[in-house]
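Questions regarding the structure given below will be posed in turn.
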Amino acid sequence: MTSRVMAAIAAFAVMTVTATAATAQEVKVGVILPYTGVGAELAQQIDRGMQLYLKLNADQVKPYTITLIKRDSKAPDGAAAKVAVQELLTQDKVDALAGWVYSPDAIASAPVVNAGKKLAVIMNAATSFITNLSTDYVRTSFTMWHSSYALGAQAATTLHAKTAVVAYSDYPPGRDSLDAFKNSFEANGGKVIDAIPAGGPGVVPDFTPFFQRAKDEKPDVLFVFVPAGDHASAVVKTYGALGMAAAGIKLIGPGDITQDIKLQGMGDAAIGLITMGHYNADLDNPQNHRFVAAWKQEYGADSTTDFTAVGGYDGMAAIVHAVQATKGKMDGDDAVKSLLGWKFDSPQGPIMIDPETRDIIMNEYLSEVVKGPDGKLHEKQLAVVNDVKDGCKALAIGPCAPKK
Amino acid sequence: MDFATNFASILLGGLSAGTVLFIVSVGLSVTMGLMGFVNLAHGAFAMFGGYIIVLAMNRAHIGFTAALALGFIATTAISVLLERLLYRRLYRAGELDQVLFTIGLIFIFMAVIVIVVGPESQQITLPPALRGQLNLGFTQYRTFSIFLIVVGFLTVTGIWLGFERTRIGAQIRATVDNRRMAESLGINVDRLFTITFAFGSGMAAIGGGLGAEFLGLDPQYALKYLVYFLIAVSVGGLGSVVGVYCASLLLGVLDFMLKLYVPKGGTIFIYALTILLLLWRPQGLFGKKET
Amino acid sequence: MTEPRLETRALGRSFGALKAVQNIDFKLEAGARHALIGPNGAGKTTFINLLTGVLPPTTGSVLLAGRDITATAQAERVKLGIARTFQINRLFRGLSVLENVCIAVAERVGAAPAMFYPAGRRADVIEESMRLLETLKLADVARRRVSELPYGRQRLVELAITIGLKPAVLLLDEPAAGVPSAESHIILDAIEGLPKDIAVLIIEHDMDVVFRFAKRVTVMVGGAVFAEGAPKEIEANPQVRAVYLGQAGHGAGRQADHA
Amino acid sequence: MTITASPAEPAAIVARLDHPAARVLTRRHRWRWWEALPWAAAIGCYFAFPDYLGFGAELLIAILFALSLDLALGYAGIITLGHAAFFGAGAYAVGMLAFYGIWTEPITSLLLAAMAAAVVGLLSGLVLLRTRGLTLLMLTICTMALLQESANMAHDYTGGFDGLPSLPIAPVFGVFEFNPLYANTQYVYALAVLAVCFLFVRTLVYSPFGQSLTGIRENLLRMHAIGSPVRSRLVICYTISAAIAGIAGGLWAQTNAYVNLSAFDLDRAAGVLIILILGGYGRLYGAFVGAIVYLALEHFLARIYPTAWQLGLGLLLVLIALFARNGILGLGEALWRRYGATLSGRYRAGRAAS
């Protein structure tokens, strides 16, 4: 408790200090995250991911010092984010931009980013076409297509599902994952028999009616996309409470719904839940072991890494790479160029920035929630899909088709 | 599946959703009816209580019931404190000043929770007895929902009896009916208000804790759900406990049913319903005319 | 003109089972000074509300100078010349005394809908309002905020607003109610000073006021006309004394009169 | 300015119009010297803080939005928490016209935005303005939420939650481009629009119509009793207020080159209400003071303490509510009164207590 207060005060101090301290070798990175409001928790994860990269890889950063100038993008209305970007570019003269939890913020910021001609690393915002809006956008996080498209195929093949019902939060990421899943699931011989818009992202709805409807339709799998966090835990609880597992309906979805920071809170209801995601804390590779260990040491044993944190971690890695490649100049075009085709050995496994789309190419892991010997919930890996691109842009669907 | 079970599930789901709404809102209704005080910060007390309850369970590992009691007491205490020190000064102020004040209060609650607990949302872990499904003979349904419905019913009966049978209850009803008259009859309205305010906040706290299973619990809570609380109060009719109960359940069930059959409608129904109900009865289902 | 200024035929209004006003035939001639008395709950204020169109009647009709206005809206009736004061002040408490009257006058002369020139340009409105205040001896407080005035003065403003509407029929609902007797003469002077041709109907509990002012008196009991006649007759009428004059005065629970 | 000066008038009339109370009314609408200050300040800021013009534009738009609310709430006493409905209507009118390349000329699209919002205001006003108090409050909220949800459901056209990106807005007068990075044009443009709308609103509130609105706010029943068509007055006022809110929304969409569902947010509606109450309603300039204090504080607090800046804001609101009646201007007037009020000082103070 008090430690938190201290942390807050410390954060305050650090920010004021860093904002003033300026050395020849300094590279200023403007961070736009919703430090308040519904996205505050994700902001914290991403922020920590960035900080942790800098801490763990100080030697990579030398001889430069990276200064983070943090701005709150507040509610997901785009306005605060846009003004923040504007001022970071014109007042603080930052060398790079990073962050963006909400897609509307990234979309609203696009014209400014374009005019600013600085590298802008998207660390969470998931709407696929965002990277088309500015040639300075590079995404190290994910789009819904990465996981859902991969999952569609796996559901039909590995899980031998014939029919599926999709329940999704009725906003772009939700509709994206619906399209993505439907696309590949039906391409692999499955059939989506119903698609249920289950409330919006703002307020957690009671999922019972939606799941009741799904249960009545007796599909092989229920594919769910909802925002990580309360929505996800509510989903799992409702799934358990309605006894759908007993009714032989598998609950599957993108890794969002088993976000590690929420997993334990879901309780045993989550056991058997199968998700497709690019990261979970249980991934078995040296980079991740290092990452997780350092995290727990830094932020407490009961805190944990998750896919948003790794987005921040990889994003910071990308920025540092650009810094080194441009000798700290960080001219926008060069910085972006230096990242095209950039490969990195991330805690989530090998990743690469697609030279065409400036979006991430990464592995997707199909995993099942199991109870470990330690009595905690863990992700058991069932299959890996290598080098997954953003399907939406790959298939040039709707607004994802690159602008000419 | 057969209609009966389907209908039952709609009813149960709707009722449990409505019950949460009721438990949180009832205090707001009575205090607004009593003093005409626009206490938008009511949800903040629900949030505060919810945090106490959840943290007590998750961090201090206190039992469910004990945690609820603790939440109730703590929230009651802080509400009395705030009422005595601050709210009191604004009784005679215009409603807009009250809006300004209570919104400010919400902001403070939010910020303090972020600083002390952190921005992450809290998970409530129900005691095993309340998890999973319960066999009602005619249908299976999630135990917690049924638990909520029962709790809600007991609560409303309790409060109702309190209103009908106790002296304070009578005074409250008199004051809601006609404040001037009540004052001229020597009823100490301020004291009444302190009591109802404290009790209402306590109820809100319980609601925050019980609702966490469905609604989650994070620093945004007080703002996120404010509209729903206000809807329940206005549709029910200011100051009417039974009104809020019926309104909450009605909205809960209708919303649930429409979601089940026309999910495309999203959240549109609850608002459409409210508009229709309020145009039909501007003073609310159980409200006195001329508010 | 043969037609009475204001006339009601079998006028009645019930609230559910309660017959607040029943079957009233009533005439108010031009220049009349008519008092309406009766115990609390006799339906006097309801009657006024029926005349002004605040409430629709359940039976009967209201005629203004022979024209049936039963269905006419409140605002319309005001334009046709029916104005009223309220038992409890209804003033623009936050505004100056002068502006209180100006709003009424502006409404009467049809200035109110104008959007694109300042109200201050309507010298005619302001001047007339000012003149009215002078006649009511309110000029000295014209600048004060109404809520700052003593209650007696506030009642005067209430009166001033209605007179500002230049009514043909003026309905005064207990104009002296709640005014300390020391001040009540101000009101009475004002009422006596009213233009002669206005038809005035006054509800009053204070018998001195009634007998000093009224040429004719109607007694209402239980929602119906109980007796009508010259003040002397009424005063002499034993039944009236029995049911009313005996227990005259300002009782509590006057709300009962409000329906 | 008025006929009163003309010598033809009998002395008595001149005398009456010369009565202090009358003078207050005949001169209320005259421009005071200090009314030049906000505009001077706004122009000054343009040169003083060239780096803050983006924020400045947001601020000016917020002022305009708050001004529109002041007309409905501060003058006609219509207590609404759904004013973002009109902001959103205006924003989407401009946004969709531009996004689909139908109409991108800024000034005319603002007029279209005003019309769109006015229609919404008129229709909802006709239905809602029968009610008062909490009921009206809830009805306005729900209407706004309905619009937002409809905009979400029509995501194929509105872009839903993500909104419509990168709107192509034509240069003002075909000359002045909106530069996303340096918001000089946006700022001046927003300032000009604000000035025009302000002149309109100012004229309105000092007009006889405005006076009758004040009457409605002060005592509804009395207005009925003096034969005022209250409902239609309220509807007209509400519609005008909506139109101006629509202009604010359109301006927002243009200067930001995007529009999304947040235009209809309750946060926005509540925010503008807070701004107005904080500044002081029913005073024209409350919108200015409130918006500047609230947004500036939020902006800079959020910088030094991104995670919990609401604390400072909350404290401010609570303190103002506790120790000032009717916001900052109300406080100012109270002080002004205490230290020897002038005629106008006392008059407006009267307003303050209402």
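In this document, chain identifiers A, B, C and D correspond to the written order of the chains, with residue numbering beginning at 1 in each.
Following the convention adopted for this analysis, contacts are C-beta pairs under 8 Å (C-beta built on N, C-alpha and C of every residue); 3 or more make two chains touch, one makes a residue touch a chain.
It should be emphasised that the depicted structure is a prediction, and the values quoted were computed from it without experimental measurement.
Undergrad: Looking at the contacts, which chains touch chain B and chain D alike?
TA: Touching chain B as well as chain D, we find A.
Undergrad: With contacts counted as defined, which of the two, A-B or C-D, has more C-beta pairs across the interface?
TA: Of A-B and C-D, it is C-D that has more C-beta pairs in contact.
Undergrad: Please identify the chain with the largest separation between its CA centroid and the CA centroid of chain A.
TA: C
Undergrad: As a quick test, compute the distance in whole Å between the mean CA positions of chain A and chain B.
TA: 35
Undergrad: Can you give the whole-Å distance between the Cα centres of chain B and chain C?
TA: Those two chain centres are 47 Å apart.
Undergrad: What's the distance between the Cα centroids of chain A and chain D, rounded to whole Å?
TA: Here the centre of chain D sits 39 Å away from the centre of chain A.
Undergrad: Which parts of chain A, given as residue numbers and ranges, touch two or more other chains?
TA: Residues 8, 35-36, 40, 170, 200 of chain A each touch two or more of the other chains.
Undergrad: I need the residues of chain D touching at least two other chains; which ones are they?
TA: In chain D, the residues touching two or more other chains are 152-153, 267, 307-310.
Undergrad: Any two chains that touch count here, so list every such pair.
TA: A-B, A-D, B-D, C-D
Undergrad: Quick check: in the complex, which residue numbers of chain B touch chain A?
TA: Against chain A, the touching part of chain B is residues 1, 6, 9-10, 13, 17, 110, 114-121, 123, 125, 131-133, 140, 142-145, 213-216, 218-220, 224-225, 256-257, 259-260, 263-264, 266-267.
Undergrad: For chain D, which residues count as touching chain A in their complex?
TA: By the definition above, chain D touches chain A via 51-52, 54-55, 58, 152-153, 155, 160-163, 165-166, 179-183, 252, 256-258, 260, 262-263, 265, 267-268, 299, 302-310.
Undergrad: Can you check the complex and tell me which residues of chain D touch chain B?
TA: My answer: residues 73, 79, 127, 130-135, 137-139, 141-143, 145-146, 149-150, 152-153, 266-267, 270, 273-274, 277-278, 281, 307-311, 313-322, 325-327.
Undergrad: How about chain B: which of its residues touch chain D in the complex?
TA: Touching chain D: residues 32, 38, 86, 89-90, 93-101, 103-112, 114-115, 119, 223, 227, 230-231, 233-235, 238, 264-268, 271-272, 274-275, 278-279, 282-284, 291 of chain B.
Undergrad: So in the complex, which bits of chain A are touching chain B?
TA: For this pair, the touching residues of chain A are 1, 4-5, 8, 35-38, 40-41, 43-44, 170, 196-200, 202-206, 208-210, 212-213, 216, 229-230, 233-234, 237-238, 240-243, 261-262, 265-267, 269.
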